[in-house]
Amino acid sequence: MSLQKFVPTPKFEEYKERFKDFYKLERREDGVILVQAHTNGGPIQLSVENHRSLGQLLKTIGANPENELMILTGSGDAFMMDSDPEGFVLEQESLEHWAYEYAYKDGRINVSSLINDLEIPTIGALNGPGFHTEICLMCDISICSEDSVIFDLHYDIGSVPGDGIHSCFQELLGVKRAAYALLTGEAIDAKKALEWGMINEVVPRDQLIARAYRIADHIMSQPRITRRLTTQIVRRPWRQRITNDLDGGFGIQMFGHLAKKAAMHGRAHIASTVDYVRKGRKNNFD
Amino acid sequence: MSLQKFVPTPKFEEYKERFKDFYKLERREDGVILVQAHTNGGPIQLSVENHRSLGQLLKTIGANPENELMILTGSGDAFMMDSDPEGFVLEQESLEHWAYEYAYKDGRINVSSLINDLEIPTIGALNGPGFHTEICLMCDISICSEDSVIFDLHYDIGSVPGDGIHSCFQELLGVKRAAYALLTGEAIDAKKALEWGMINEVVPRDQLIARAYRIADHIMSQPRITRRLTTQIVRRPWRQRITNDLDGGFGIQMFGHLAKKAAMHGRAHIASTVDYVRKGRKNNFD
Amino acid sequence: MSLQKFVPTPKFEEYKERFKDFYKLERREDGVILVQAHTNGGPIQLSVENHRSLGQLLKTIGANPENELMILTGSGDAFMMDSDPEGFVLEQESLEHWAYEYAYKDGRINVSSLINDLEIPTIGALNGPGFHTEICLMCDISICSEDSVIFDLHYDIGSVPGDGIHSCFQELLGVKRAAYALLTGEAIDAKKALEWGMINEVVPRDQLIARAYRIADHIMSQPRITRRLTTQIVRRPWRQRITNDLDGGFGIQMFGHLAKKAAMHGRAHIASTVDYVRKGRKNNFD
Amino acid sequence: MSLQKFVPTPKFEEYKERFKDFYKLERREDGVILVQAHTNGGPIQLSVENHRSLGQLLKTIGANPENELMILTGSGDAFMMDSDPEGFVLEQESLEHWAYEYAYKDGRINVSSLINDLEIPTIGALNGPGFHTEICLMCDISICSEDSVIFDLHYDIGSVPGDGIHSCFQELLGVKRAAYALLTGEAIDAKKALEWGMINEVVPRDQLIARAYRIADHIMSQPRITRRLTTQIVRRPWRQRITNDLDGGFGIQMFGHLAKKAAMHGRAHIASTVDYVRKGRKNNFD
Amino acid sequence: MSLQKFVPTPKFEEYKERFKDFYKLERREDGVILVQAHTNGGPIQLSVENHRSLGQLLKTIGANPENELMILTGSGDAFMMDSDPEGFVLEQESLEHWAYEYAYKDGRINVSSLINDLEIPTIGALNGPGFHTEICLMCDISICSEDSVIFDLHYDIGSVPGDGIHSCFQELLGVKRAAYALLTGEAIDAKKALEWGMINEVVPRDQLIARAYRIADHIMSQPRITRRLTTQIVRRPWRQRITNDLDGGFGIQMFGHLAKKAAMHGRAHIASTVDYVRKGRKNNFD
Amino acid sequence: MSLQKFVPTPKFEEYKERFKDFYKLERREDGVILVQAHTNGGPIQLSVENHRSLGQLLKTIGANPENELMILTGSGDAFMMDSDPEGFVLEQESLEHWAYEYAYKDGRINVSSLINDLEIPTIGALNGPGFHTEICLMCDISICSEDSVIFDLHYDIGSVPGDGIHSCFQELLGVKRAAYALLTGEAIDAKKALEWGMINEVVPRDQLIARAYRIADHIMSQPRITRRLTTQIVRRPWRQRITNDLDGGFGIQMFGHLAKKAAMHGRAHIASTVDYVRKGRKNNFD
């Protein structure tokens, strides 16, 4: 017997409870864990709190060796189309404090957690229109509902898109389409996303989770080591991408944000900015 | 007051005049500058002189902080389908001298200027068929007229495609399509260019500039710092690409050119080589 | 006269004979060499012997300066859909010995030979469905027959896809589509391969070689140095890709293989795994 | 008030207790945390348990925003010169299971945690001779005691050095000295380590912690954001290095380990292998 | 004759006059240009004006094909140990405006100009102690006077070292020594700089320019094309380095600066911070 | 039994004979092969013939799985200080033909062979002063005799150093020292080479081979797979380096060579250029 005993790893029942206000967690016998992000049971309304919770959750899931495959999705008929009405009071109170503690630090941890802290395959299941869809798009496999719309709101709310959405779009779309999408707020519907290789499959919304499980079942058909090593192979380009341009890009975004001396995440500001997506328009100027 | 006074930056009225034989320059109040390259008012006819002028112009525009966004286009019904009848006398007179002074040096400066010397967003507006379209394609956003055709003539005139067109095609098309396009002279029409992600939008020729302004208007809706920092984010892959392979690729091209001991840019040689594009054919062998 | 005499380079007639059981070799006067891989005259049936032969052949062709362009294809109505009935006895006898000597060593040499040992342009002509199609897809230009199907069997036979197929798919498909194809065994037909940029042209099977020659004729229209230098330009992304991730990826695959303690290349195992391709299905689970 | 409440972050008193059998933790008012790794209060004796604990600890420290700077050191008169007598029973019981669960998975997490999970500056204080010194050497600043000796034992115990020690040596020593050190087990004493730039300062052992605190005091003289952003700047080369070559290198190591079909971490085997270091010799063959 | 005439390039006599308040310029018949930066004839006192002038000068020198080799040095007994008493009024007036217009924009242009805009060999001749010595250290060849001291003041004035000094130190010192130098303000004297490979030669101050000319004479012994092409070869690592980490690093620095909401470049603040260098101490805490 | 039989691999006795005019080959029972390059039994006198022979030999050694470790050295009291009196007649007869066929093609193959075609550890044993020492320096481990002098002659003979010597010097010396060594022809003696990390050990000339065998003995103490996988780990930085900058750098060198329109490898020209090394001077101008 070794001189020291293993430090315990997290237990599902414990963190299922701990994160319940942010994520509905379910785990099958075989270790397939379904993560449904929500705000009050519906679509995510972005706040500093749920922003931070993502990295916390992903690191916890990653630390539990009983998890074998993660399906990550949102809730209701949109992925994320609003901010929490009071979700950015901290940004308004102190832009500088918020910028490092809640934006730069937590934001980089979120992306890094998804890429670096999970040994297991991930399936992103985008359940509707939204911003910050990189959370689903940077999973190993990505599927979406037919009514999903992918777009970036940063530039249109007056911010510089450097928090990981740029890494995501440049990796998936290439430099040309990414520049256009980031500068114009282009609304990319499910069909276009499939055609452009951002998404692997498009399915009706009510079949989204079932389809994710079906793919998961196939992946689970191979043994643990095969699954997990294959994951390192297919995820490598993401590792390289975020190492290359996340820290610096995010720094540039924060620089721009502070130079503007204005909070940008107020609910009304975001709602009015992304209204064109709800209306089925391509951007704010056509 | 500082001990030293700022060295003045270039003034628009001065360089508008200085470059008028090469570029028609217009600038709006808000700093949006329209650059229309031309030869005698029509499509560009390539020469050592206008080749060199590009870097000179771009560096001048970049040095003037009053410029806020650049639209770059050609003139008339083609972008560049001919060389100037006397435009490469210097190549004929001394292949070696030309190779360094006008090809390698100026050519690398041209590409570097577009990528490294402009803090501002750029919109390339390809106005018709042409070679050396990398000038428009390596802008941040690229649109083209419906009758545009993108192709590379290097291999077919007996030259090695290493002067930046390879960087452009490999970045936008990937290794497989780029190899084919570079080796076969493939004529890529506007529709295909859009499908393949080389171009963001295709519009009728007479709406090309208007559309570029429309996109510019949207980009201009955000403040100067946001615009300019976002530019650094979206342009980064181009910086990496040309740092990786421009100096060496261009060296390989020049090596091949000198080994061939023949001028290749004569008007007749180019005209006959690219004739298949005018005829609507895909390449010189089908 | 130098103090030392050139060491002779390989002669076509000699190695045509030496490799005849593996490859039917033909060479035109102009140096265009056609390589038709076969097993008993028909589609390749994978074995440790023909696996090793590939690098041996490619190095030999590369060492002969009389070769000017290589067309690489298979034989019969499939590229590679089976393993040799006795082709992996060595794997069964000693997994560890096989893993280094025949899998890791020979496999890396195969890929490296194709990319690093040929100065000349290469055209891959995929002649039907198969695995290990990276041999054709990592040629400079790739064409395929209408009935070709590209897929990877590694994951489904219980292996980690790290032997170069991952490099090939990630380079041609991007991270998202590559992950899906590698994890699900997705059968990509010729039409889809063309749309996704894995393949440059699709032609009827009986015109495959003729078309390859036609493209070769065009490439041969330029002089030797132009051809060969252009090759270095268009092939550079492959060099970078395999340097980045082949040695390590293959190591991960072998690690997974040994951890599984089971031979995986038996004919019956492979045949049953890839049966869905023969049946025109997309994968093993839909 | 936001709709959701922050998920709590770890508390020092709790994890100080949780990890006490592995690490003696002390934290000053200003957030400077001292981590003294130990086995039974003395030098670390490597085991699967303490190997795993490192990543667990580093992730916990990283998740607590009250930590501001980490000093990482060992205990007693050596850093790590032995394995726990029973520390690798799991390796003996099942080489394959151990290889993934305890070596590859935990080992990569350890290195990744040090580089990716800490926003704060780190000072490694190597307290004597040892292997696996990369834990101290990959901190931002590294100091050591005068009697420290840095060496790698992998090759001499029959293993492939790919678990991060190669990343560490190649980054600090360059390719030439790293190859020699890894292949010959070269014992690099403190003076040489300083001369070669592996270490920033050498101090008497009894002043090691005091000196680390002195440097920490200076770093703490700047505000939190300055400190933490500077950390991202100085740590970037490590991020790039491990992204480039850790996953693959470690895979190659495990492949070699399984191919050898033998446990290598037994206490006697390690003790006899590293005996030359205790005797002040440079390697096992001179 | 071509249809268009060359746009003129800058003339030495003109820009010698234009920049005289910032740089004393001398050019030999053979094109060797000596640039002596000064403030009122003595050591540089940093200001927004002379900060901007550097890129303006380097681009002008680069645009004049009559320049063949540049020697870059300072004036008097120090390189740069002070800021201009009124040199950062603009920073005090508007931190945000200064941050982009004068720091981020001009600062990146400065570094880029040195690396990207000069086809010719460069010799940096550091004439005494100073900060922002990267201007001399990032020349192709670097020599210094015996009393030179290299150090970075950013961290000690409360700023994040991301404006190019990090690129310079990491390239020349490696990750470990660079982190220490950047975090502790380490004063590196000429002897140490030579030992560590930051500097190629150390000479008495009064022989500095003569020695630079001697090296220049040797370089000038080869023809123009050889010189200039060799320059591209030896400078490539700098191109790669700044492309990798300048834009982002500088963004992080500015983020930190704005988050601190304080001007940091006041003369008294800088003078007191760097006083340890004048006193021959290694840093501010020993 | 497989359907196809292995194609035979090269046999030592055969290629020992084939290469005997270029290399004296000896192989121990355990597979350690000693390669002594020579011209007429003495120091190498560079010619197009022995230049080409290097890649041919290395590929042959690499193709024979019975070789286990290679020691590579020269003969007599110098490594390479002269060219063969008639060794570059081909360069004089046709600069262009020579440039591709014998310089660019063979030269890149030489470097690539050393790095890409040998699975086995390599020890370079530099036996005296010479140019093209990259052949020994790019081995995994490098030792040299006390009277060895490392220098590059390219710039001084009027050539651009881009054929691999730049890769070698930049990897081992860093950008600053490499630029100086390449531009000034700096003669680096054994003591300095050891201090700078270009060489692992310096020994008296008459003990050089014995010492190489001693190191080889240690490396051979581990099993075949361990040795060979470790080789891939320690050699990786060389793979990355030459992939990054060899093809392009060499192209730039050839461009410069052809632009100069002069053969540069005549015996008298080389002898007079490198005479300073024989005289114990540092370069041609001090």
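When the chains are written out, they are named A, B, C, D, E and F in that same order, and each has its own residue count from 1.
Going forward, a residue touches a chain if its C-beta (ideal position, glycine included) is under 8 Å from a C-beta of that chain, and two chains touch if they have at least 3 such contacts.
What you see is a predicted model; the values in this text were computed from it and never measured.
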{"item": "Those chains which touch chain D and also touch chain B", "value": "A, C, E, F"}
{"item": "Chains in simultaneous contact with chain B and chain F", "value": "C, E"}
{"item": "Option reproducing the contacts of A-C, where over half of them reappear, out of B-F, C-D or A-B", "value": "A-B"}
{"item": "Pair joined by the larger number of C-beta contacts - A-B, A-E", "value": "A-B"}
{"item": "Same-residue or different-residue interface between chain C and chain F, half as cut-off", "value": "same"}
{"item": "Centroid spacing, where centroids are CA-atom means, of chain D and chain F in whole angstrom", "value": "37"}
{"item": "Chain A and chain F: spacing of chain centres that average the CA atoms, whole Å", "value": "51"}
{"item": "Cα-centroid distance, chain B relative to chain E, in whole angstrom", "value": "32"}
{"item": "Where chain A touches two or more other chains at once, by residue number", "value": "96, 100, 162, 225, 229, 232, 236, 244-245, 247, 249, 251-253, 255, 259-260"}
{"item": "Pairs of chains in contact (touch as defined earlier), listed by label", "value": "A-B, A-C, A-D, A-E, B-C, B-E, B-F, C-D, C-F, D-E, D-F, E-F"}
{"item": "Residue ranges of chain C touching chain F (in the complex, touch as defined)", "value": "1-7, 9, 18-19, 21-22, 39-40, 45, 47-50, 52-53, 56-57, 59, 63, 65, 84-87, 89, 96, 100-101, 105, 112, 116-117, 119, 224-225, 228-229, 232, 236, 239-240, 243-244, 247, 251"}
{"item": "Residues of chain E defined as touching chain A within the complex", "value": "96, 99-100, 104, 162, 244-245, 247-249, 251-255, 258-261"}
{"item": "Touch list for chain A against partner chain B, complex", "value": "155-156, 158-162, 166, 170, 173-180, 182-184, 196, 245, 249, 252-253, 255-256, 259-260, 283-286"}
{"item": "Of chain B, residues touching chain A in the complex", "value": "121, 137, 140-142, 171-172, 197-200, 214-215, 217-219, 222-223, 225-226, 229-230, 232-238"}
